[in-house]
Each structure stands twice: as C-alpha cells, then as structure tokens.
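Next come two complexes built around chain A: one with chain B, the other with chain C.
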Partner chain A sequence: MSQVTPMVQPLLLQFQQLFFLSKVVGVLPQDLTKFRHKNVLEKSRNGMIYMLGMLALYVGLYNLLIYSFSEEDRTLKATQSTLTFVIGLFLTYIGLIMMATDQVTALFNQGKLGELYERIRVVDERLYREQCLVNNSCIAKRIRIMLVMTIIFELFILLTTYIELVDYTQWLSLLWMVSAIPTFINTLDKIWFAVSLFALKERFEAINATLEDLVTEHEKFQTWLTGDADAPEPHTADSSETQPPQYDSNLEYLYKELGGIDIGSLRGSGGKNNKVAPIAHSLNSFGESIQTPRKPHQPNPNPMMNMAHESELSNATKVEEKLNNLCQVHDEICEIGKAMNGLWSYPILSLMAYGFLIFTAQLYFLYCATRAQSIPSLFRSAKNPFITVIVLVYTSGKCIYLIYLSWKTSLASKRTGISLHKCGVVADDNLLYEIVNHLSLKLLNHSVDFSACGFFTLDMETLYGVSGGITSYLIILIQFNLAAQQAKDAIQSFNSFNDTAGLVGAATEFGNESSTLYDLVTTTMMTPSNY
Partner chain B sequence: MGYHIDRVLRLHLRFYQLLGLHGLPLPGDAHPSRKAWLLQFWAGCLLTGFSTIAFVCLTSDDDYLYHDDAFSCFNDGMKYGFAEMAVLSIYGETLPGQRYHLARFWQLYGARTPPAGTLRQQLVQHRRYLIQLYGLVFLELVLLCLFVSVQDISHHILLFWSTFQPFVFLVHLRNTQFLLHLELLRQQLVQLECELGLLVEYSSFASVAASFAGFEDYLRRRVREKQLMYERIYELCISFSRAFSYSVLTVLLMIYIRITVDCYFLYYTIYMSIDNIDYYMLMPAVMQIPAFLYASQSCMQMVPRIAYQLHNILTTSSALSLQIQNFSLQILHEPVRIDCLGIIVLDNHLLTRIACAVCTYIIFTVQLMPKLSGSSI
Partner chain C sequence: MSPNSWVIEMAAHKSRLQVRRSLSPHPHALGSDAFVRSPHAPVGNPVFEDIGTILSVLKASGLLPIYEQVSSFEVGPPTRTNEFYSFFVRGVVHALTIFNIYSLMTPNGAKLFISLRETDNVNQWIELLLCILTYTLTVFVCARNTKCIIQIMNEILKLDQEVLRQFGVALSNNCNFSIKFLLLIAACQAYIIFIRIHVLDGVITPTTYILIGFYAIQNGLTATYIVFASALLRIVCIRFQFVNRLLNGYSYAQLLGKSRRQLQSHMESFPEDSLFIYRTHNRLLRIYKSINECCSLIIVCFLGYSFYTVTTNWYNLFVQITNNKGVISSHIMQWCLAWLCLHTALLTLLSRSCGATTNEANITSQILARVYGKSKEFQNIIDKFLTKSIKQEVQFTAYGFFAIDNSTLFKIFSAVTTYLVILIQFKQLEDSKLEEQLQETN
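Moving on, here comes the complex of A and B:
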C-alpha cells in the first residue's frame, strides 16, 4: 500500500482555482493554507467567520438594492394589475434564499466535505491496485470551462441589462451590480457538485472499461486459441467450449515462446491431452508479475506485439478476487454518491425551485413587457427578448446539466452489471457463473439514484414534468393577465362613457330613455365577448 | 461493410438515402467512403434548403403565417419553429459522430441474420413495416389530393401548405424510419423467444420420455448461445437509441405540437366560420404517434415473454439452473427500454398522457380564444 500511495493524485489537486475563487467570494469556509500545502479540506474557524461576514454583507447589499429600486415598483402597484405585482414581490427574495441555503449548507457540511474527498482518494488507491487508472487531468479543464462560461453569462446579463435597461446617470444605479451575486455564488457551489459528480461517473466508467477489457482480451484469446483467423466469433465453435481453456493457453504460450511451432497444427494433434497443471500455474504467475497497470481506455497496451494472448478470465479463482474487489469499489462509489447527494440535497432543491419559478416568471414578464405593461424592477431583463433568452439559457442550463449528469452517473453505475454479465458469458465457466450471479444480485440491489431531498429524482423524467408544469402555469398566468387587462379596459371605458352618458342625459332631458340607453351600453361594455 | 441485408430492406434504405435520412453507404456499394461523403453533402444541402424555407416563413411579411390575430400567428410560428428543430436534429444525426451508432446497428443486425430467401418471404417478414409505411403515405397523399380538389385555395393557404407540407413529409418519413428499425429489433426478439420456446419443449420432452447422455450440457450450451444473442439484441437496442436519440424527441415533439395547434385551429375555423377544411390534413399526423409507440411497446413487451420462456425450461442439473439464473439476472440488468434521452418511456401509457395533455391545452386555448379575438377586433 505504501508504494502505491504517491502514485495516486488526489482529486482535489484539480480544484485549486475553483477553491481559491470559492474561498474569496465566500462559498466554502475551509482552510486555504492547508488546502494549498496538503490538498485537504479542513475545518476553519476564521473561514467560518469570514463566510458569515460575507453572507451578512450580501444580504445587506441586496436589501439596499431592493430598497433603492423599489421606487419604480410603487408606481407599478398603482397602475398595474395586482397579479404582476404580487408575483414580483413573491420572487424578490428567492435568489437570496437560494444563496443563503448554499452558504449555510456549506457551513454545516464543512467537515463532511473533506471526508468525502478523502473517501474518493481511498477509492482511487483501490482502483489503482486493481490496475485501473482514472485520469483526473480533464477535470481541471472542465472546471476552467465551467468557470469561464459562468463568468461570460453573468457578465453578459449584468452588463447588457445595466447598459440597456438601467438609468445609469444616478450613482445608486451601481447597486445593480449586486443583483448578479446570488446567481454567481449559487453557480460556483453547483460547479463543485457537478465536477465531483463527474469524477464519480469517471470512476464508474473506469470500472466498466476494466471489465470490458477483460471481455475483449478473452475474446482475442479464444480466437487465438482456436487458431482460426477467419472466424470472428469464437463462441459458435462447440469444440472450444467443452475444454477448460486455461491449461491449453499457457502450454501453447510456452510452445510459442520456445519453438515457434505452428499453433494450429499443434491443436489439431493435441487437443485435450495437454493438461499439465503445475507448469501452467508457474507460467501464469510469471506472466502476471511483469504486467504493469494499463492506462485507462486502452484495451491492450500492444496487441500486435504480444502474440500470445493472456486472459485473466480463464482463471476463475484469480478473477474472482478481482471481480469481488471491483464490485466492492463500485459499492463504495455508490455510497460516496449517496453521501454527496445528501450534502447537496437542500441546495439542489432550492436551485430547482428557483429554476422553475424564475423560468415561468421571466416568460410571463416577457409577455407583460411585449404588451407594454410595466414589470417589477428586479426583473427588468425581461424587457429585452434577447437578454431574456440568455437568462433562460443560463438558468435552465444549470438545472438541466445537473439533472443530465446525475442521470448519466446513474446509468454508468447500472452499466457495471451489464459488463459483469458479459464477462460471465464470455468465460463460460461454472465457478465464474456463481460469482457473477452473486455479484450481479448485489449490483441490482445497490444502485445509485440522485434525488433532491426525496421530493423528486434527478433524472430526465423530471424534465418532462417540469416542462409540462411551466407551460400550464404560463398559459394560466397569461389568461389571468388578459382577463385583468380587459376588466380594466372595460372599467375605464365605462367611466368615460358614464360621463358622456350623463352629459347626453342632461342635455336632452330624456331621463328615462337615457337610463335605458345607459343600461344597454354598460351591459355591452362589461361583457368582453367578441362579435 | 461486412454484412448482408435483403432486397426489400435494401430498396427502402435506398429510398431513405435519397431523402438524406440514412447517411450510410449500403453494403456492396462501390467507393463507400466517397458515397458517405456524398450522402453527407446531400444532407447538408437539404438542411440548408429546409432552414431557408423556415427562416423565410418566420420572418417574411407575406401571408405565410395566419396574421389575423397574434395568438394564431404565434401558433403558426411555433409549428415552423418545431419543424425546423426536427429537421436540424434529423440531419444533425447524419454527421459522422452519430452515424457510427447507426453503422453499428446495421452491422449487428446484418451479422447475425441470414437473409430470407425469396422476395415473397422477405415481404412476409417485413409485412408490419410495409403495411404501416405504405398505409400512412397513401393516406397522406389521398388527403392531400382531396384537399387540393375540394378547397378553394386562397393566397394564405397556398403559401402555408406549399411551405409546410415538405416538413410534414420529411418528419413523417423519419418516423417510418424509426418504425423500420424497431420492427427489425422486434423480429430479433420474437425469434429469440421462439428459440427459447423450442428449448422448453426439448427439456420437457427429455424429462418425460427420452434423454441422452450429455443432454443437460447440450441444453446449457444452447442457453448460453441465447444469452449471447440477447446481449447482441440489447446492443442493437442501445445503438438504435443512440443513433436516433435527439430526432426521436424532436419528431415526436413536432407532431405533438402540430396536433395541439391544429386542434386549436379546428375549433377556431368553426368558431369564426372561416371557409377552410385544412384540419383534415391532421389525420396522418394523428396516426404517426400511435404507430411509433405501438412499435416500441411491442418490442418492450417481448422481454417479459423471454424471461417467462426461460424459466419454463425444466432443469435437473445445477449447472443448467446456474446458467438460467445467470440469464435471468442478465435480463434484469439489460432491459430493452426505448426512451428518448431517458425523458419518457415510449409506450402506450405515453399515448394516454399525450391525449390528456392535448385536451387540457385545447381547453386552455379555447378559453383564451374569445378574449384574444375580442381584443383584436
């Protein structure tokens, strides 16, 4: 164990920039210097105080923002239908709530987060011992891309809204910059989750790739064994299935090494008589000792050079240990996934709620803006369709990416069972079948599914429900809006008509008739049907 | 290109190639790589053409969309928008990255099926697909002819239908392409089930009448063969859903949106007493979704049948029972499940949900109608 430990890079090594940024803006409270030197996340009292201070600062600034922009909303309340006003009021604090959820959860979880990455490191070591390496280098790239995307989106939304839609002659308008803080902090927090989830997915995929490699190696081994280059499918030949292959393989390897005798002719003459177990085992251990860990996603280091194929699957007792270990690691990764989901369950729930509400509200306000109605000042980005599209892409992109990644991770974990069965069927050995059946049941019972506090699972089926919900609510809101507008128009025209009717009545002095006329007109005006 | 397909399939794949839907050269083509390049170029041309039509229709001031009130105009625009999305995803899937999965599908299919003998056998084998394809196309053409002969064509109707109908044709033919692939998948599953049924009969016969030495081992090997076969079928299913991942979603979505919008217009034309019977053109679209969902459901229903047949095999030796257990677990791990991007399982349950959703939206929009038209008058 001691000789492999330095070989495995800790996952957190890739998180340097992200941690620094998160620390500065107050997403994570952990100790910066310890992270720098030892790549571990440890509790820190100073960090906690700093983070609470940042939280208080943000809340204060945001309230100031709301207060300074609320002047415009007073006129909105006076002129507009109450529906728009109430929706605006209801959604005023949702961004802040989301941010506070993230930060408070991070405070509570500051010890557990470090443990999580420690567990991932242990998993990496165990995987390394099973000769399946996980490549972490693309994670740093991924983090960088996500950070750049976040900054581009935030800056674009902020600046275009500020230039286009905010009156920037007043110095108080600079407070508008605060409006981007909650979403930015939320996104940073979600990048942590997304990248860690991606790392888990990679580990699942590494396990699957190892199992698939066993299969392809065994298939090659069998084609080599039958000595028939023309037959692509070794399983159809019945003769090769009846005999235990491991002894033959090693013997043929030996012959090949020693004399370069033609394998096909040898098999034709020999067949089942070559069962010499002790030699086979010694050779096998020799073959194992020179083997080096493979790089991930490379099936065979040099398939052309190594003419004598080896297959681990042909030795059931040895492969049993390997399969057992891999399944245990799989279980451990599932457990880590569940723990990670637990850590982020409240932030994800608040993000999904935020995404749903903001998506609906933004579209509704866009509708209001196209009808030349005024909208709450905090949602002024809806006045411009292009900015609205960007906002919607950003918000929904965040939510959908998390859902998509959770779904993919869950799929990758289920894929392990499939690969395991492939191993079993290809090897066709009774002992191996027993192992595979046992492990397969274990995998079936132990799958990882991500959910938001148990309210809904994070898979693509949720999208179906959410998109249906958004459409329905949008139509209902627009209907209410239309009804309110028509009622208001009717009242206005009624008032104006009232005056003229009164004038007419006074001028012509036909009191009775004018009142009937008045009744007729009011009834027609008050029912906003079409003709 | 080491696989064989029979003549009926070949003919239909050529047809899809002509429409740019099947981006692979057929086995036996001379210059496969040049052909692939040509097909891709052709798909690119078609995509540009369709996109230009959609762009012109959406931006032009002419009477492509129904301009009398804003909501109807928005609805018409939505039809074009979703049709354009469908076309984009359809031709996007002929790009090399996606084409790989389609190639894998045909390789897996062609490698393990012996081509049926005579033309008559082939026709019988693919009858489900052929009936659906020609039935749907025939219905569509008949309705179009009737529409042209009965309806007096106004400027708006001429512009709208001459631009929108190509999208409809393309999307519906894509749907029949899905039907073809699903039908092939179903044939494989049915064949597996039949072969397992034979094994069940052997085993019961052997248990009561005559058995021979090594029979159990023979049975075990046969079960293992079936296991390998099932594994291949599962990969077939996976490569189908990967090859058509986005276009299944967008094609269904486009047909669904069109049905919803046209139901609204059906009510609208009657309500406003407009002389227009183009809502009859909705019929083929209404048939498309059930045809697809039925095909995918009939694939998915085969899996429990296979498991049932598997457990009917009578076992006497532990080795055979172990093998059967293994197969059973494998089926549990590899369920044939056709869903578009994991969003929803495509079975008849979805049909009821779609019907419910269409009704709900119709009620919403019908409620909305007097208010909208009242404000525009």
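Moving on, here comes the complex of A and C:
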C-alpha cells in the first residue's frame, strides 16, 4: 500500500461503558477524562485515592454485614462442629479476599494496563498493513451482553434472597444489599480480562483467516489458470497437467504475455476491491454502520467467471515478507497474551479458589438445608434450591467462561501453524516450502498458555480436574455429615431418655429405694437406644 | 556478601555487554582484551564463594567431598586424608543411626514423645523413622556421587571460564539466599530442641540428649542439602539467563529502529555467537541433567518426608486450636509452627528454583524463534536449533516420578488439604463417639 496507513481505531474505544462503570464502582483507578478524549488508560492519583476509599468502604460495609447477621450464627456455633464453623467463616471472607485482590492488583497494574492496550493497537496497525483486518465492533456488543447478564444475575440473586429469605421488617436487613458487592466488582474486573482475551483470540483468528484466504485464492487461481489455459491453447494445458505445479508461476507469466492489457485492468479492479473493503469496514467500526462489514480477502460473493485471479502465493519472494510479518505479529500477540495473563494472574487464582469453594459450599449447604440443619447466615440462598441453581450458574459461568476462552485462545494460536502449512501445500513450491518450514518451526515456539500463577493451566483438563475435586469433596463432606448426624441423634435420644428418667426419678424420690428405682428406670429405658 | 553487591555487579555487567555490542564489528579485539584481563581475575578466591558457608557445612558433615582447588576454574579430587575424614564421618553417622534406632526401642526412647493420644505417638514414630531414612539415604547417595558432584562443579567452572574469556563477564551467582536459609534451618532446629527438652520431665539421660541432638542434626543436614541443590539450580539458572539475554539482543524487537547497514553489522556476529550459545545451552542442559541425577533420589525422599510432616503438623495445630477442653498447649503450637515454617520454606524454595531453571531452559528456543534472519544462512542456523529442541522436554524430575515446578507446590498443598479435611472429620467423629461413651458411663 503506497498511501499512508490510516490510524486503526484503538480497541479501547469499545470499552467506553465498561470503563465508566468500572471507574464509578472502583475497579480501575485510571483517568476518566483522558480515556474519554484520547482513549488511553493513564495513571491517576485521584483515581487511586478514590479506589482505595471505595475499597475501605466496601470492607467496612461487608464487615458490618457479617457482624449484623452473625447474631443468627450464635446458636449455630454452639450446635455445629468447629470445623464447619471455621470453614463457614473462611467462606464468608473469601468473597472479600477476592474483591480486595482484584482491586489491589488493578492498583498495582494501573500503568501496565495502558501499555497493554497500546501494544494491542500497534499490533492492529501492523495487521492492517498486512491487509488483515480485525472487526472490533462485536466487542462492544459482547461487553454490553456481559454487563446485562451480570446485572440480571446479581439483581435476581439479591432480590429473591432478600424477599424470600431475609427478615426485611428490620431496617438493618437493608445491609444485605452489600453482600452482592464483592461478586459484582469481581465480575466487572473479569469482564475486562475476558473481553481483552477475546480480542486477542480474534487477532489470532484474523491471522489464520488471512492465511486461509491466501490458500483459497491460490486454489481459485490454479483452477482458473488451468481452466483458462485449456481453451486457447491445448498444448499448455497438457503440460500443466503433466508437469508438477511449481511451474504455475511460469504459466502465469505466459498468460500475462498472452492476455495483455485486459488482465492488467481486471487485476487493478481486484486490487481496488482489496483496498476499498478495509476503508468501508473501518468506517463501519467507527459507528456508521451503513454497510455490512466485509473481509477484504473473502472471495468475492459474486465471482465473475472470467475475472483474473491473482495469488500472492505464486510469488515466493513476495509472500515471504508477508508471512514473516504475520509470524512476527503472531509472536507479539502471544507476548501480549502472556503479559495479560501476568497482570491478571492473582485475580484469576483467587477467582478459581473462590469458584471452587463457593460451588462446593453452596451444594453442601443445600444438602444441609434439605436435612433441616442450620447453615451460616450468609449462605441463606442455599435454603432455596432455585436460587442455589442460579448462584451456581452465575459462579461457574464466570470461571468456565474464562477457562474456555483461554483454552480457545491458545488453540487459535496453535492453529496458525496448520494454516501456514496449508499455504505451503497448496503452493507446492520448493522455495515457499523452505520458508514455511522455517516459520512453522518458529511458530511452534510461540507458546501462549494461560495459567494461574503457574500453579495450573487454564484449559479443559483443569476444568475436569476441578469438577472431579468438587464431587469428591462433596461426597466426603456429606458422608461425614451423615455420620455426625447419626452420632448426634444417638446422643440426643439418649439425653431425652435421661431427662424423662430424671423426671421419673425426681417424682419417685422418697426414701432409699429412689436410687435403685432410678437405676431401674434408666436401664429399662436405655435398652431401646442401645439396639 | 552484602545484598546490594549483586545489583551493582549486574549493572557493570550490563554496561559491559553494551560496550561489547557497540564494538561488535571487532569482536576479536575485545576478546584479546578480555584475555589480557583474565590474569587479573581473582586467582586466590575460592570457587563458589556465594555458597561457601553451605559448602563448608556439607563438607564437614561428610556429605560433600573436601575437594582441592587446582586453579580458580578447576577443582580437583580430595586428598587422601580428607577422603578418609569424609569416610570416617559417614561411618560415625551410620553408627549413630543404628544406636538411635536401638535406643528408640528401649523404654528410654518412649519419653521423647510428647504424647497426647495413641495415634499421635504412632505419627511421631513414623516421622522419626522417615527422618532417619531420608538422612541415611542422603548420606549413601552423596557417598556414591562424590565424583559426579566434582564433575558438575568443574563443568560449571569451565563454562564460567569460557564466558569470561569470550565476553569479559564474570557471572555472579546470586546465592545469598543460601545463608538465610541456613540460618532459618539452624534457628528452627535449635528452637525445636529447646522446646523438646523444656517439655520433657523427669531425669534426662545423656542418651536422650544424643537422641534429640542427632535427630535435629539429621533434619538440619537434610534440609541443608536441599538448599545446596537449590543453590546449584540457581547457578545453572543464572547461566541460562545469560545465554537468553545474549540471544535476546538479536531478536527483531531490538532491531526495529535500525537502518539497514546497522542491521547488517549487528547481525554479522550472529553465526559466531549462535555457535557459542548452542554449545553453552547444550552444556547447561547436560549439567542440569546430571544435577537432577545426583539429587533426585534425595529429593523424592525429602518431598515424601516433608509432605508427611506438613500434614501431621497442620493436623496437630488444628487439633490444638479446636481443643474442646479450652487448654491450648502453647508448646505444641510453637513446635508445629516451627516445623511448618521450615518445611514450607524449603518446599517453596525447591519448587521455585526448579521451576525457574526449567523455564529459563525452555525459553531459549522461544527467544530464538524471535530472531529474524533475512538470509538463508541465518535461517538455517536458527532452524537447526529449533528442530533439535522440538521434542526436547527439559524437566527436573523427582526420580522420574513427577516433574518438579510450581505446580508441584500446588499439588502438594491441595493433597495436604484433602487429607486434613478427611482426618479432621474422622477426629470429630471420634470425639462425638467419645462423648457418647462418657455420657453412657455417667
């Protein structure tokens, strides 16, 4: 492209609403006005102070909530085993820990986050130069859907629990609203991560699509070449069939000689097509959605039969530059992915811990509630199976979506090698083969694996392991709960017998015989409980 | 040995690297310059100065050979008398072990246990036996691997020498952590001995003192050996880092803002450097593998012992905290905390240093993939290395059972949690049964 490359629109443009919301709630400390005007995330001292204030406020409110609702837990502590109580206490605070991790990490990373998006913008520019376009417009839609889903889930859980299970005659019960804050803030933070990850995945896919388009174009070119060469001169067609296809470039040259000026003009129109599409698209993503976005390399929707196809793959030296650049961009995206993973590693670890614990706890307390045992007051949503299901869907949805997206992204990055090889196979050219081999060796070493602090990778295997872990913990907990319940029942029945025995003993307390009578009563009444 | 020394050295090192970069069209000039400088290098300084303390402790206890220093870049086998000394120490250790096992069988040994219940005694027995087993194994393996250790040291030193000759960079070892860990181990063990003797009542015979003291020494030396292994890994890791930094100078991110001519002169030294890098990388991998072979059996044993200790101590701690009688024995709590602190720190150190080294070793090919070679010659050089490293999985394994890295730490702690949940539930069940029985007897 000879013209000056226009600025690609930054990814952050799509984040307007999300950023505004995050800023108000206190998820991100960056400067709001600079974001509005220049679409950059910059450090801001005021934002930091505001965020710390919000964090302190949330922690204070949450502790107040725990304190005011712990009245009901007093009796619970007496009846329940210590382990359950300690675990319950831990579970009440894990939400707060998770929220604090998110916010503190966001504070520490406030400078790096802006750099990350700047790097993504540079990548976009490079991709644009390679005529490989990424459609950002669906990201805004995605953000909106996620936000709406989050708000629906949070409100539903909050309101149903409040109406159904909280005693709302007391004004202190309004504090229950605070219980939704940690999960809401966590979800907002994770939406940032998920959407950025999705954007990376799209870039990988755009690279793959570009490579695949090269392949389809070349295939078309070949069929066109053979088909067209068939008509004017049968001799050439024969040679193209018998000879290996690496002489295709020669044929193209021959055809150019034969076709003369007609092809040049057609090719020019083809080139124009390629140029027009990106601009139409970029206009489109600026908000003026007049035309449907169309990829520049997509084969024409109404292919003219006699149109001259051109294929970049037939010119190995020309395509080498492009493939090399794509490979480097791929590496840069991988690096961005790693950096992003580094920024969010602690929040993800805490989210996974939270998801695991809350999922197990909610199911366990649901079991407890169906057995009419008392449960910690903050887990009162477990009393209603329907709300429990919603809570579980919400929590697991968050975790699973992140894991799924990470998995898909690393798959998409690995797919590039396959697409590259397709190019090599289709072109069937020794020189190109060497390039493809070299580049695919490089691609093999671009690894992007998402992990939580290096403790475990985020892929389907981990998801399987976690679900297995939840199941086995549930079985262990329920089994022991059963056993403890049986033991407790035995003690209670014994105590009640003892009480009646005591009454009888007091009533018949006269003289020396009372003790023997008492013994008699106890022994007779004890017998059924000892069976 | 000040904590800042490393930083200062690194700065000097970097500037030297940069100097070299600017002079890179004339590598020979600088090479000869470095060669001239090399006699000024401290000849009298002992090798591996950073881990000197830990080395002397291990040498004194017969776990490492008391090698002779031939030059500043070579160590020789131990002399006859020193060899005999190590042999003697090992003999004493084995004799003491047998004596200890014998005295544990006698009723005298039973006093050692701070008994709470029958199961706790069994636990302590198992812990003691595991400790004895681990230490005895360490001594045996070390005795067998004397030559191997000296070979590893020589290889590392030879590599250092080559780096110094080619680049004029003396690689620092940055192993100050070893002294901190040594102090931690000593402090924990001394504290544990103190508590143990403090808790014991009645007349304490010398045999008991020997028992307790030897037990602490066994623990301490095994832990020291683990720190030594981590220090070796750290040393290898720093070499890998040097190689990676060298290679990183050629990646395309560094070449972005340069003109064509600059680029060409920059890439000129690549074939030569890449040869050095490949050779060094291979040698480092070999060293890494031989360290793994030397230590893996000990590490497996230690991991098992550590896992057991951590689990039982957490359990004890929990039992103490939730004691229904309301009497929290502060001795047992301190004791448990000391053990936990020691073992957790060691496990973290080991898995982190293994993970870091593995990571650095694996990252080399990733950096190489970022080197942009325009000409066929460069591409072939790059391809050769990348092809070689496709299926070459670098890992630090525990005797082939499992790979040790950060995820090992995670797995160990999740396993500890699972066991704790089960154990605590059983204990509560036991308690409620006990209550029932008590009420029945009333």
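Everything below uses one rule, namely that the second predicted complex is superposed on the first by the 409 of 531 C-alpha atoms of A that agree within 3 Å, B and C clash if a C-alpha of one lies under 4 Å from a C-alpha of the other, contacts with A are read in each partner's own complex, and residues count from 1 in each chain.
Please note the rule applied: a contact is a pair of C-beta atoms (placed from the backbone, for glycine too) under 8 Å apart; a residue touches a chain by one contact, two chains touch by 3 or more.
Since this is a predicted model, take the numbers as computed values, not measurements.
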**Request:** Please work out whether A:476 is in contact with chain B alone, chain C alone, both, or neither, and reply first, second, both or neither.
**Result:** both
**Asked** So, does A:331 touch the first partner chain B, the second partner chain C, both, or neither?
**Response** second
**Asked** Looking at the overlay, what does A:36 touch: chain B (first), chain C (second), both, or neither?
**Response** neither
**Request:** State whether A:407 touches chain B only (first), chain C only (second), both chains, or neither.
**Result:** first
**First (chain B), second (chain C), both or neither touched by A:445** = second
**Prompt:** Looking at the overlay, what does A:464 touch: chain B (first), chain C (second), both, or neither?
**Reply:** first
**Which of chain B and chain C A:487 touches, first, second, both or neither** = second
**Message:** Taking the superposition on A as described, I'd like to know which of chain B and chain C A:437 touches: first, second, both or neither.
**Reply:** both
**Asked** Looking at the overlay, does A:421 come into contact with chain B only (first), chain C only (second), both, or neither?
**Response** first
**Request:** Show which residues of chain A both chain B and chain C reach, each in its own complex.
**Result:** 434, 437, 441, 443-444, 472, 476, 483
**Item:** Touching residues on chain C, where the partner in the complex is chain A
**Value:** 252, 322, 355, 365-366, 368-370, 372, 376, 379, 382-383, 386-387, 389-390, 405-407, 409-410, 414, 418, 421-422, 424-425, 428-429, 432-433, 435-436, 439-440
**Complete:** So, in the complex, the side of chain A touching chain B is made of residues 235, 238, 241-242, 407, 411, 414, 417-418, 420-422, 424-425, 428, 430, 433-434, 436-437, 440-441, 443-444, 459-461, 463-464, 468, 471-472, 475-476, 478-479, 482-483, 485-486, 528-531
**Fill in**
Interface with chain C, chain A side, in the complex: residues 81-83, 86, 324, 328, 331, 434, 437-438, 441-447, 453-456, 469, 472-473, 476-477, 480, 483-484, 487-488, 490-491, 494-495, 498
**Fill in**
Within their complex, chain B touches chain A through residues 217, 221, 224-225, 227-228, 231, 234, 319, 322-323, 325-326, 329-330, 332-334, 339, 341-344, 357, 360-361, 364-365, 367-368, 370-375, 377
